[in-house]
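You will see two complexes here that share chain A, one where it goes with chain B and one where it goes with chain C.
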Partner chain A sequence: MRVRSSNKAMGSFVGQRPALSWAVHLSMLFIVFLWLFPTVGLFISSFRTADQISSSGWWSSLSTQEQQRSPIRITGTETQDKGLYVVVGKLFSSEAVVLRAWGTSSKRPNEYQPGATAQLKRGRSLTIDADGRYRFTAQQSQAGKRLPRVFTTASSPPEFTFRNYDYILFQGDNSDSMAKAFLNTFTVTIPATIIPILFAAFAAYALAWMEFPGRSILIAAVVALLVVPLQLALIPLLKFHNEIGIGKGYLGVWLAHTGFGLPLAIYLLRNYMVSLPRDIIENARVDGATDFQIFTRIILPLSFPALASFAIFQFLWVWNDLLVARVFLIDASGQTTVMTNQIVELLGTRGGNWEILATAAFVSIVVPLLVFFVMQKYLVRGLLAGSVK
Partner chain B sequence: MSPLMQGVTIIVVGVGLCVSYFFLSNWLLDRVFLPARGQHIDRNINRANAIRPWLFLLPAVIALAVYLAYPVFETLRLSLFDRDQGNAFIGLANYQQMFSEPKFWEALTNNLLWLLVVPALSTVFGLLIAQLTDRLWWGNIAKSLIFMPMAISFVGAAVIWKLVYDARPAGTEQIGVLNALYTFFSGAEPQVWLTLPFWNNFFLMVVLIWIQTGFAMVILSAALRGIPEETIEAAVVDGANPLQIFFRIKVPQITSTIVVVWTTITITVLKVFDIVFAMTNGQWETQVLANYMFDKLFRANDWGVGSAAAMIIMLLVTPLLIWNVINARKELK
Partner chain C sequence: MTELKLTNVSKRYGNNVEVLRDINLEINQGELVVFVGPSGCGKSTLLRMIAGLEKISGGTLEIDGVRVNDFPPSLRGIAMVFQSYALYPHMTVRENMAFALKIAKKSKAEIKEAIDNVARILQLEPYLDRLPKALSGGQRQRVAIGRSIVRDPKVYLFDEPLSNLDAALRVATRLEIAQLKEQMPDSTMVYVTHDQVEAMTLADRIVVLADQSIAQVGAPLALYERPNNEFVAQFIGSPAMNLLSGTISATGPQTTIRLDSGGTARSNVPSSAAMQGAAVNVGVRPEDFSLGDANAIADSGSAAALFSGQVDITEALGEVTLLYLPAENGRIIVKLPGIHQGLRGQNIALYADPAKVHIFLAGQSLLTYKDHA
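This part shows the complex of A and B:
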């Protein structure tokens, strides 16, 4: 292994300069930190409540925080008690939050201590305890009027919840739900990964090991089609699908992904199959095996690494795709939405609700991340085979 | 039938049809039409062997022809015709109309800016990281973590980075890390980063650089490891310092790989759509060609100008396409 010994040479060389070695460690740590920071932020945010997300940055969520929160308006049903109109309630949804100071005007947000009573205009008063329970009283009914806003400074311990995931995945048919989109994404992805592999494997074998006129032109055509932007295909194919009666739907999106994935698939698989030892194939031919038998019994099993590489590419690409799904699959009914599209919709309707956005995005990211970490070896091999010439 | 069962059934039927095509077509060829027996055995085998490549190739060739080759010509045709005038030939009128729109020029200049910045920075970062991790015992872990964004969709990345760029009104706690740092260090009002013309382009580019650096790193790292050790040892013996070794010995030996990485990322940049679509949708002067085209096709419903925009993307890709084909042909020989 040349690689190893080369590393050793470099290692001993660097070893002479410990300061340099430390600089390398530290700068790499910094870069990794920089690269991970945004994703970790989304991940942590998906376990925080809406309150927490909007009141503090996610990076402060791991320690107890004392900070001023966004103003909360008093709400509740009015009851009558000894001639007074009373509203009681609780400011914070979590038990663990402790009130440090509060006020009723943005100019003096820390005017009162917990337990103190604020005398407001028109004979109204407000008392808030340390646990956030409040009692609002007034001499006239406040029905139809806006109740005062409260500015609070409170300390809250780290707290995480699965409620967002429950809401996004298991709360049935609300418009924020990702459950249906999750299933649809699977339905799109699996055939759109398998079909091009099948087509490409046979074609790659023909291009690698069979003699026929026009072979080199076909190979050149595949290389050329590798870079054709799929933007060009949108309108002509949509027209074509409408003409042959497929319209928008799963069949159309599978076919489209098959067509768009084929050049890379054929290219990767052919390069791999060409590199297999010629002897194996010729011996089999001498023994009277047909090309079909050679392909299915010898080449296909031997090509597993290349098949796996392409399968991961195609899986990630189809799973993460937005454009092809929007053009060929998603119709006005919205029944066939996929996760990327659902997230874009949520960005529109729930732009500021980070607990929903973060959770929805993470639900869509988690499957590709799993595939990535489990199958990384094949992904790297495929990348190397696909671009280094 | 539940949607899940329906999905599984469709998957099994679809995949089963594909498998049986290959199996049945070969079976028919070998057993029924040109059997390898009887008096014409030699002729039959030869004919079967001449036909078989095309059986293997048929589905792939049809799919490539219909889904990639035909659309290029059809798009060209559509860009020269007008749908509203009963498909009349209108020459370059669609292109003229497109060139008169300021939004098109905005998209084109932004795209060129992306082409300058993203491949360059991704390649430089990728090379830097590949070199740094080469010497570390935890280099593979570091590389795997930096490579990770490759698995994340552009839309997911858009959400991740929108949180980074989030802006809250002045005086309240900032939950986007960029504004938190900015207000902390400068004391100024928080900025709504994605609406700052010109600079917002760079905030969008950061997302793609973040994703593509891992790709560049993986390939350049392999190339660095492929450098013959003798050249490095010779330099060490001659007293070269690490910077000299890197720039004078290593980089020159992997130039061709750097070019491949650069062009691959360039092609990705030309097609970038999802990031802009999900983060700004081309508002605040962040339009790019792919999103401009999508806008024309599906929102303005103007197929002529949309196709013309697609042809511009194709035109920008063509030099790379020709270069690729020439390289591939060299290799075949």
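This part shows the complex of A and C:
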């Protein structure tokens, strides 16, 4: 009896697992989609022109589109040919656009097939081919008169441009350029990631493995600092920086990020290091290693996952930071602007130019994405550290 | 020559938790001494004090004639093998073994020679470039031992080195350690275990720890044959020695005890006349009992039975048969060689050779009893 009931329990447990894993997979899919949709959208939009963005969504830009276009007025220089006044030209700038139908009146925009000739009033006629070449003829000179408008329905293949990137990154003289901000952001981020890790690793080792009076009070203080909001420290710290002569600048922002990042760094790294087996460290001590040797040869290599995962966090947080940069770095000259700040400015000056904004935004997320994909293995390992033996 | 000398060593945690006190012990060069005792009795603590990983709260520790109480582990000339092996997981076997030598700034050639030599002895050559995670438990154990050998220490310290291995491997590795000891006759080893088989088979001398101090020190068979006290008597040997309460009824070169359970025990342990009537415990190992007819207990004189009763449970192990007889406190265990069937439920009488009967007065063997009063 007992055996059978336990069998049944096991059966139902096993039976639940596929359902559970389906639920997990579905929610994973949902999250992936939630993340992918805006990211891919931003990516694609950054390669489109202002016209494309305003006329269709990014999801439709991947396939050939047939759509009615805004009316185009015939223009060109008039020539004389066999007593007729002739204007020739081309409707579309791109070779890839194919005309499907056209008309000269807004009421019947699809009146004519490509290649057909429309007879207009006052002896004028217009022929348009599938590739958009037109030939307009008239009995009298049309100089000074308005030529007719053409309504077109055309299909265009996917079309992307690098012009936005060229504008944002390589036209160094314009005030919308992200190039300088990009470099500045690196100048802020790399030291602001490395310095706290360096300090925190040493501190974490001492707090985890060295005996000294007041150790537990220090640990408690670090934990307490975790919950202090950094806004509290902005003004006093800035005043302090001004008083000791650092002022606004890279050094100030590095120190600020280091200070704000240290509690979490020390806390995470100490927890990880404490979980390393005591026997290994004692064995190193018996082997004659000093604390410094234990730290560099045993603890640091073994703590790599934790170091990497904190580095990713700190890097992303500093990269995306606007507040600390505004307070401690960016001055009136604008020479030290960072990307987050530059995007805010673009929103003000180029609020309507979505292609510019999308490109700027994508430039600013491309590095975090790269960092994340390259380091994700360590991120996961570092977060799971200690929970799985 | 004395390699390791502990004088009045004690260990306290904080101010009131006393883990060890009054440890006095001398270990000679070339000896393999095993610390045994129940779990939590302070074996590891004592070993770690010798290693320098734990502060010595009182007394002195000398290694090779030098007081080393305040020396860091690396200056004591010891090497330690941990229960968990404590291999450096990010280093290959070779790097693990080279670590201490590199720290000691030995030359490359010297390091290589030492490692190759040890790897040959321990048959680790094929694994030198592997990481510890790619080794089996037994191989890791050998690396841990090899790592201590390359340092050529004065004293080897082992803390339950076999307890993470499965039963078969444990026996094999135990034999390997015994062989290794034979190859290095001059090296001194201190070996901690809670397993009395390991202690009996490996030790030159056993130190039994109990109740915060040393219960007895002696050669394995000495502990078995002449335990100083009830604790050692019951700790060494399996199943544990039977204890029966009684009073001394006749003293002299032989002692006779009238047991509370009605039997009579006779022992070759001498007693003084002053002990007449003293309340004692008689100890008989399960394997020292012999069977007799239950009806014989009525007879007085030389044929008097020690104990009689009904067999309650039998366990047949093949090479021996265990009989359990209910007694006033617990059960009497009898170990008979060979296979015995049909004894369950039978009334039997138990006899013992007077040479194998131990007497304990106030927990201490009558052989060594000193009146504290």
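The rule is short, and it goes like this: the second predicted complex is superposed on the first by the 250 of 389 C-alpha atoms of A that agree within 3 Å, B and C clash if a C-alpha of one lies under 4 Å from a C-alpha of the other, contacts with A are read in each partner's own complex, and residues count from 1 in each chain.
Going forward, a contact is a pair of C-beta atoms (placed from the backbone, for glycine too) under 8 Å apart; a residue touches a chain by one contact, two chains touch by 3 or more.
Bear in mind the structure is a predicted one, so any value in this text is a computation, not a measurement.
Of the two partner chains placed by the overlay, neither chain B nor chain C lies in contact with A:143.
In the superposition on chain A, A:301 contacts chain C only, with no contact to chain B. By the document's definition of touching, of the two partners only chain C reaches A:287; chain B does not. In the superposed model, B is the one of chain B and chain C that contacts more residues of chain A. Shared-chain residue A:279: touches chain C; no touch with chain B. In the superposed pair of complexes, A:244 makes contact with neither chain B nor chain C.
Look at A:254: by the touch rule set out above, it reaches chain B but stays clear of chain C. No residue of chain A lies in contact with both chain B in one complex and chain C in the other.
The part of chain A that touches chain C in the complex is made up of residues 277, 279-280, 282-289, 293, 297-298, 301-302.
By the touch criterion given at the top, residues 51-53, 72-74, 78-80, 82-90, 99-100, 103-104, 151 of chain C touch chain A in their complex. Residues 3-4, 7, 10-11, 14-15, 18-19, 22, 26, 30, 49-50, 52-54, 56-57, 59-61, 63-64, 66-72, 74-75, 78, 129, 132-136, 139, 142, 144-156, 158-164, 166, 168, 172-177, 180, 210, 213, 215, 218-219, 222-223, 225, 227-229, 232-233, 236, 242, 256-257, 260-261, 264, 267, 270-271, 273-274, 277-278, 290, 293-294, 297-298, 303, 306-307, 310-311, 313-314, 317, 320-321, 324-325, 327-329, 331-332 of chain B are the ones that touch chain A when the two sit in their complex. Against chain B, in their complex, chain A makes its touches with residues 2-3, 5-7, 9-11, 13-14, 20-21, 24-25, 27-28, 31-32, 35-39, 41-42, 45, 53-59, 67-68, 70, 180, 183-184, 186-187, 190-191, 194-196, 198-200, 202-203, 205-207, 210-212, 215-216, 218-237, 239-240, 250, 254-256, 258-260, 262-263, 266, 290-292, 295, 316, 319-323, 326-327, 340, 343-344, 347, 354, 357-358, 360-361, 364-365, 368-369, 371-373, 376, 379-380, 383-384, 387-389.
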